[in-house]
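In this document, chain identifiers A, B, C and D correspond to the written order of the chains, with residue numbering beginning at 1 in each.
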């Protein structure tokens, strides 16, 4: 089922950006977890446009309504259905694109696949659908919180400007959700410059999962990094993922890349962290660290060459209120997907009496 | 099921490097496909050590025996069971590691997960298990061949030396399976130098899927890039994956990264290929291009700091015949996994009468 | 995922009888199908209490609201989300049972499983949840209608009174939804008598799938009868299922039970129908016929021995408006589940170019 | 995947009756379970023809060879691969049917589905494939044994003769594997008579799962009875299944069919057992009881009307050594499938810390 992810703890979603509503079902959620609706709201708030002054001023009142699975503020163990009504469904911002394919968007591929194109907004490929992921991820985070496991992400590169010498002290503040570092002003400037230039920029997000338990992940095909990669790459605008030293590992020697081990007072330590917390597809207890490449927003007002749906050559300017960078808004979405995956693997480990 | 991958066309595997045998089941394979056993054998041959003079001289006679699902050389549509006997099961090469955890290996994580450690070889995490993947991938390639779709991979970086100005003319020749380019001698030298230095190196592999059909991939969670990432990252030693311009996309402007479109004589063309053949998680008909980061071989004879399974600090030298670089051997495995994923999505498209 | 059923065409549901709303997602539904909302409404209407004068007069305004996946009255191929608001949430009818387990209900087993009991109504085990099944089934029927395949069920026994010498001419009329036959008045009387006696009765429902295509069903574990049995037995109050001659086959000789075959003008005929349309788990083109045992309604006003949730012995009378027989209301639910299964298998066959 | 069953504990199988070998993979099996190979052998022995003097004298040396997942006689937690070589592959017994469809068999439906018919034996629909199920079930029984849960089945009706006044004291002795009762000689005679008459008979098997844990089963679609029904109905020759009072429940009043409850010394008792151990799809702690209808063997020497694969009318006598009744041989297969399902649900409950 392509609208579902997870094996025991699953998230199923539906909804398009300009449809009546979005929503879904979180299934396999344990009973007895206190459902902290303020926490859920704070997670939802982080992904809204306008939550960052670098972004657009679109209004999305995506307040989720929980329809089942919670009784007296506690999960019952039965499926948690939720709906997020689309209060502002304004097609007018998208009028020009009814018959033209926007470069960098999924317009063309959707038409190729379904033969029917809902041109209103991005349909099922729009950023709005991420609200369902963030809701599911918030529930997963509540479960992980009980284990002391935390999932945090932050922007470590924007518009080509890298964060340097940063400490990892989440949560990171808006508008960029980047760790404090001396390049932060330049990172933010790169985004504002793109906006003024009717263009857009991309960036790189780092995600760390701390206080991990060792032993999560299932060889051969449901390795922890494989399932994390699946979940993260399913987020729109993601073009790459790497774990630990990632692509740099390709340039290291084995003697440099292997993480030596040491034990002190019965506690195991890794002397370096090139593995990124995962070895042989299984967590080793170290923090899990991965980085995600986010491409620049495809919707830009700059004129671009394209074709119509009758295969005529034309140009297009995508007007309307679009973010000059998706990167800040992707931060909570990446956390959400990672939390769902870790929580799922945790439940599987419990099935085998291992956690 | 963690030993299975795929939704309609599935591969299930079993077996450890020093167990009696490896094998598995390919299910959901269409009836009527000619099973070209010479082709399967040539695919299996590419992954064996000794198939590359840069590698080790271990003998693996991993000839697969097909036990069902094929009648008179043609697939029957019923599950294809296969077994690959482990003719050479020699534990002696691994003697030292019975109670020490090898850095960079899955020894420690397996012990944390299962509480039982089969120290013989790499167990379920060894490279040997890839023979089952290559077998399944060979069947998938036969299916794709009927559509004219080809899946090829090649080493574009080894030991930090990049291939430059290369043409993509597969199949690439051993021992490195890299495209012809002027840096090829230095790429091979980097590997041989590592071997002489009792160390190892990593590399980067590029994979291209050509003559693709548009429309493959299922939003939201089974996007084509997400499922490819899952399958590729499930291969041991893989630490990262990127599609199209990948991590470079993060540094481009939207106006640069969007691929403009043009139509000529009813045929659609993309004027650049930053998308890597996938937009919104669905193939656009362009070649799919992705790159994979392979870490250096963990087993090196150089002495490393580690601990015993009773948490004492010690050192270890992993002797025996190990490849100084996994990279060349990973090439057919990456092709195999990609072929399985594309073939699965193709069958799903056919369910909907779309291909 | 226990809230989901199906492999390509899937239905995921959520919601409890006294929660805020019910709903779900239909995923994998082909694009381009006209969504006939009048037809959906007529299907939903058949399952409501009060739709049969033999039933209760509870008011359930379960009008489904489609939230996605349909554009201009046609399916888009993307997931179809739907919600059914619970307008009348009245706990007062259930007050007595807050701390007593109702015999024949899932109260005790839910408490054993989840440790949390939502005593309001039947929770996730109530009959109300069937509205989601009927909605999903209605969509499946629309798909099958395009193939000419029809799914109909009718009550052939109620309160121990069997329908005799009936013709199969659906649709069958309320209040009982039984085929016309001379015992129909006695069947209806048995139900009314039970009501007056503050008791309840069960019955048997026959389902026929006509104009079937041969070849649907997947050996070994997803045989057509196995997946139908799974779907039907997942409906509350179902205690048994049999196909073709069913339990009677156990009493026949092979020479009697085997269905002889004949060909006339290139058309294949079965001279008897003991197989019920399925052989070796695959449809043979004959009508599929199965029968379902429905137990009597567990909620009765008659006093019964039971225990409290603190393990004290007590008695209970379940007052309120309960159906004296579930049987008529189960008819559209059985059709719905059967339609979902057949449609799913049909899509799988298409993946292999077989239909 | 139609060759797989189960969610956490899964069995995947391959192989045909006249192929080279049968086998499969048991995945998700916990580590640390002692693999009692004598027990496995005794389970395999019960299903062989010739294990019952009422059956045929075909020789099947189906000794399974474990290829992975077991080390020093203990499960490692990794997938358990196994192969059962087909020592006697004799096509000659089946010569006549190469171009005729045997009534009651899957010949016709396989041809309709795959367009390729492997006429040798029953292919994937033959009884031989059950050896893989019994192997997987034996592993599941070892797991349940640790919990004190037992799964036993016995023949309670054969050739129309019912067992009367029987006690449930498994294991039951061959050749019929029926509980001791005064009709046992007549039950056995009915089978021998059919054999002498070149005909066959069916029967009914009862299965009881004792010392059950309450709380197993997942609403809404993976109810315990639904998943059991799926697994049991996937066995060849099964035409129906009923739980508890089953089809008789349809004829009872609610006041009769509801099982009253009583508590004594903190222990909960059900005063009757019409539920068959399952309420609302979840086990209640009572023994699970279900009955299965087995049709008569389709292969009989009596002449039958049929058609050829070129649609000509003809007759057929299926000679060779066929069992006059499948019923005794189905007993261990039913136990095996039930054990797999219960064990899978048990692991799922553990994931939620409930068992």
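Just so it is clear, contacts are C-beta pairs under 8 Å (C-beta built on N, C-alpha and C of every residue); 3 or more make two chains touch, one makes a residue touch a chain.
Here the structure is a predicted model, which is why all the values come from computation and not from measurement.
Enquirer: With centres defined as the mean of C-alpha atoms, identify the chain lying farthest from chain A.
Expert: It is D whose centre lies farthest from that of chain A.
Enquirer: Count the C-beta pairs in contact for C-D and for B-D, then report the pair with the higher count.
Expert: C-D
Enquirer: Averaged over CA atoms, how far is the centre of chain B from the centre of chain D? Could you give it in whole Å?
Expert: Measuring from centre to centre gives 39 Å for this pair.
Enquirer: In whole angstrom, how far does the Cα centroid of chain A sit from the Cα centroid of chain D?
Expert: Distance between chain centres, rounded to whole Å: 46 Å.
Enquirer: How far is the middle of chain C from the middle of chain D, if each middle is the mean of its Cα atoms, in Å?
Expert: Centre separation, chain C to chain D: 26 Å.
Enquirer: Which positions in chain C touch two or more other chains at once?
Expert: 1-4, 13, 31, 77-78, 113-115, 124, 219
Enquirer: What residues of chain B sit close enough to touch chain C in their complex?
Expert: Spelled out, the residues of chain B in touch with chain C are 7-8, 30-31, 77-78, 219, 347-348, 350-353.
Enquirer: What part of chain C is in contact with chain A in the complex they form?
Expert: Within the complex, chain C contacts chain A at residues 1-4, 6, 10, 12-16, 19-25, 27-28, 31-32, 65-69, 71, 74, 76-81, 83, 113-116, 118, 123-124.
Enquirer: Using the touch definition up top, name the residues of chain D that touch chain C in the complex.
Expert: Going through chain D, the ones touching chain C are 1-5, 13, 101, 103-106, 108-110, 112-115, 124-125, 129, 157, 159-160, 194, 199-204, 214-223, 225-227, 229-231, 233-234, 236, 238-247, 249-263, 266, 268, 271, 274-276, 278-285, 293-300, 302, 304-307, 311-313, 349, 354.
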